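To keep things simple, chains are lettered A, B and C as they appear, and every chain counts its residues starting from 1.
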Amino acid sequence: MENKKGFNITFYLLILPVLLWLIVLIVLPHLDLLISSFQADSDSGAKIFTLENYTAFFKSKIYWLTFINTAAYAIGITILAFIVTFPVAFYLTKVISKKYASFLALLLLIPLWVGELVTVYGWMILLGDHGVINEFLLYIGLIDKPINMLYTNFSMSIGLLYISMLFMVVPVMSTLESLDDSLIEAASDLGATKWTIFTKIIIPYSMPGITSGGIIVFMLVIGDYVAPDILGGKSSLWFTEQIYNEFLSTFNWGEGAAFGFLLLMISSSIIWLALKLTGQKLERVGS
Amino acid sequence: MSKILEIKNLTKEFKEFTAVKNVTFDVDEGGFFSILGPSGCGKTTLLRMISGFIKESKGEIIIRNESMSGIPPEKRPVNIVFQSLALFPMMNVRENVAFGLKRQKLSKSEIDDRVSDMLSRVSLQGFEKKKVTELSGGQRQRVAIARSLVMKPSILLLDEPLGALDRKLREHMKIELKLLQKELGTTFIYITHDQSEALVMSDKVAVMNKGHFEQIDTPRNLYKNPKTAFVAGFVGESNRLELKSRDGDFITTKDGWKLEKKGLDFDPEVLYIRPEALILAPTEDLIDISRFHVKIRTILFDGSNTKVSAIESTSGAEILISLPQNAKFENLKEGDTVEVGINYDDLKCY
Amino acid sequence: MIRSLPNSPLYKYTYRFYVICFFLFLVMPLIAIAVLAFNDSNFVALPWKGFTLDWFFANTDERTGLLADDGLIQSLLISIKTAFYVATLSTVVGIAAALLFEEEKFRFKGLLYFLALSPLVIPGVILGISILLTSTMAGSYLEEHFGWEVEFLSPSFWLVVLGQFSFGATYVMLLVGARLKKFDRTLEEAALSLKATRLQSIWYITIPFLRPAIIGAFVVAFLISFSNFNTTIFLIGSDPTLPVDLYSRIKFSSTPVLNAVSFLIVVFITITALISLFINREKK
């Protein structure tokens, strides 16, 4: 609408709730997070400026080891999620008929909506020493004593992969759906091998979907708490667990805020890097 | 006749270019006024300024002696029929037509009366409950027009409303639209890039090019006496020949074809000749014509619109000539050489 | 490779085998939960000891079924209530945001849009702690300077609603915005040309067009809220939502009643999904 007269009321009616939402619930809280991370209680109880919260992080080896470990796992799980789900996304969009595909695609959505608490609980039941998998393997005689799977980095990774990988499938499927089969047929007609078609046509074409999916998966994994806490061992180093402890056990909110801010920084910068490397915009991630 | 719309020095500047340049014209009450021009000439911008969706940069729009500056679209006594028709898909025919009246908070009985009256005028009685998606192209067209006309606008603006129809239906709707306008007496301003639509329906046509009006005239005059080279080339079919020089009563084209044209008082650059102005085998008694010989290259049969593509003997210039549909030229074939004549008046020089 | 190209049987069967394995992996935890919800045992583990509905209905000293477990029922109800408010609030603001960013031009639009999208890439934990910090600060400020005790500024039901709404609105905005992109803008102009006001044209034309997307977005916001843990845990007051309740029980005292409630969630989600599939089929 270029003729502004007469439209102003509508505009303000639309922008007011949006501004309230963004300022009160997004901008102010994150500013506060930043400020709090530089604050500590003085002996008299007043807030004072300090760098202590950050120096505590860098001085303590366990903290920054955990930090690096978490980031490394998040990247690893993201790559794994791509490798595991891409063939499935391709199968559902290009190989089987539409009739089955829509049913199977629905099946993909169920674990996603059921929520991570339920599915992580399911994995706990499966992987325990007396869990379903061990009992089954004992029953068929493949092993004679239970394999220790639960409370290890293995079970943690399974859980993280499970809760996040479906967020990779959905955007990848939607880009693959728009890939015209005739492109693949043409490439094959021109004598391209499967591998060439895969690396030169399918992957480049679905890159926008892979990036969106990758960003969501990465963000979910690096910020997850439930899977590492329930499925991971006592020795699993997970950064969000430190943040939870600062806030909910030791009540050191200043340090918690600093940790939170560090987490936000690393996740934002890796996401930013991913967007830069693939030449995409944040807008794409949403679609 | 009184003026219903007066446009004075209307200009619209966008960041990069000027879409409408200093346009001035009037429209008579009850007239059918068309604005004809190629896509991108600014006609849609002009229409959207009249409707109020775009604010003018300069100039004035006056409807029934009232300036429209600063008046939002919903307050102007005009309605638009959109190119896409913009029928509301979630409503049936009746609801579409009643939409505007409901916004005016008229009584239910009045709305009912006016809607059914309008639907019968456009021969759509009995279609009230139909979904607009179930209608044929021509019916959708009529719903769109009824929806606007029921508002009793001073002026109905039509933005290429026939563009989406197939050819046959478009021919039919042209006639129907013209009859409807005559019957209702509402002023129509119709924009189109299709010259046949403009010529068939309008009382007056403005030819628009690159943001300004080239000529405002009746369809007949526009066709017979185009004032500018652009109008000559755009309206109707023409042979276009670039000119090299003039020598007294003779002009020479770039190909080197020398033609007699009396009464010129300037050095023209370009010559337009309508295919139907060319006379095949002119009789000896015709005067004030230029004569030359052509060799038939091929015959382009198209029923009543059949033409021959020919080459002028002295220069090799290519021209199209209309072939009259009578037995005299039935035996004409490729390679034949015939004499052709043309009235001096029909040699349009610019 | 694709349907129309020939493949060796080995390739075909290996590929199919892999996809079957993937789906097994996908449904395994859900099936384990479902099966053990009916196991006549006090432990969440095999072996299978026979079929029972105790974990849904029993109310004995030894076994408390879902219906008798007041705590679990309570948290389930709180989750539903939370999700309802979150979905409603997110839908209203999300629609406003979608209309704003798709249809209006204004200064700082790019910046605002970026902010509106940011919850997609901010870990839920961060949203939780930063909203907790801000609400606590605002709460203590109001108490110190005005003596007001604003209840919802300390961890409580309404703070959870606000926290979940902060990202719920983003999803609604994206879902509604996607449909709005397909909206023929001349329909709104046509309404204006027929003398509707801008608000009327949105209400009578745009919103009806968006209705399917709005319903879908409401459901999505509801489900996102219903299953959220990461943000909720920081903002929760004395009444836990279902995920928070499940978490503490899984950590400290799991009995098959957790399977029972999880099973019901899976069933509920499956039915919702089937309905949506059915509705989509109808449309085609």
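Rule of thumb we're sticking to: a contact is a pair of C-beta atoms (placed from the backbone, for glycine too) under 8 Å apart; a residue touches a chain by one contact, two chains touch by 3 or more.
This is a predicted model, so every value here is computed, not measured.
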item: Pair of chains with maximal C-beta contact number; value: A-C
item: Greatest separation from subunit C - chain, by CA centre; value: B
item: Inter-centroid spacing, subunit B versus subunit A (mean Cα positions, whole Å); value: 59
item: Between subunit C and subunit A, distance of the C-alpha-averaged centres to the nearest whole Å; value: 16
item: For subunit B paired with subunit C, centre-to-centre distance based on mean C-alpha positions, whole Å; value: 57
item: Residues of subunit C engaged with two or more neighbouring chains; value: 197
item: Two or more partner chains touched - positions in subunit B; value: 53, 73-75
item: Touching two or more other chains - residue numbers and ranges from subunit A; value: 1, 6-7
item: Of all residues in subunit C, those that touch subunit A in their complex; value: 1-5, 15, 18-19, 22-23, 25-30, 32-33, 36, 43-47, 92-93, 96-97, 99-100, 103-104, 106, 112-127, 129-134, 137, 162-163, 165-166, 169-170, 174, 178, 197-199, 202, 223, 226-230, 233-234, 242-243, 246-247, 250-251, 254, 258-259, 262, 265-266, 269-270, 272-274, 277, 280
item: Subunit B residues within the subunit C interface of the complex; value: 51, 53, 73-75, 78-80, 82-84, 86-90, 99-100, 103-104, 147-148, 151
item: Of all residues in subunit A, those that touch subunit C in their complex; value: 1, 6-7, 9-11, 13-15, 17-19, 21-22, 25-30, 32-33, 36, 84-85, 87-88, 91, 94-95, 97, 102-104, 106-111, 113-126, 128, 130-132, 135-136, 162, 181, 184-185, 188, 194, 197, 215-216, 219-220, 222-226, 229-230, 240, 243-244, 247-248, 253, 256-257, 260, 263-264, 267-268, 271, 282-283, 285-287
item: In the complex with subunit B, residue positions of subunit C that touch it; value: 184, 186-187, 189-197, 200, 204-205, 208-209
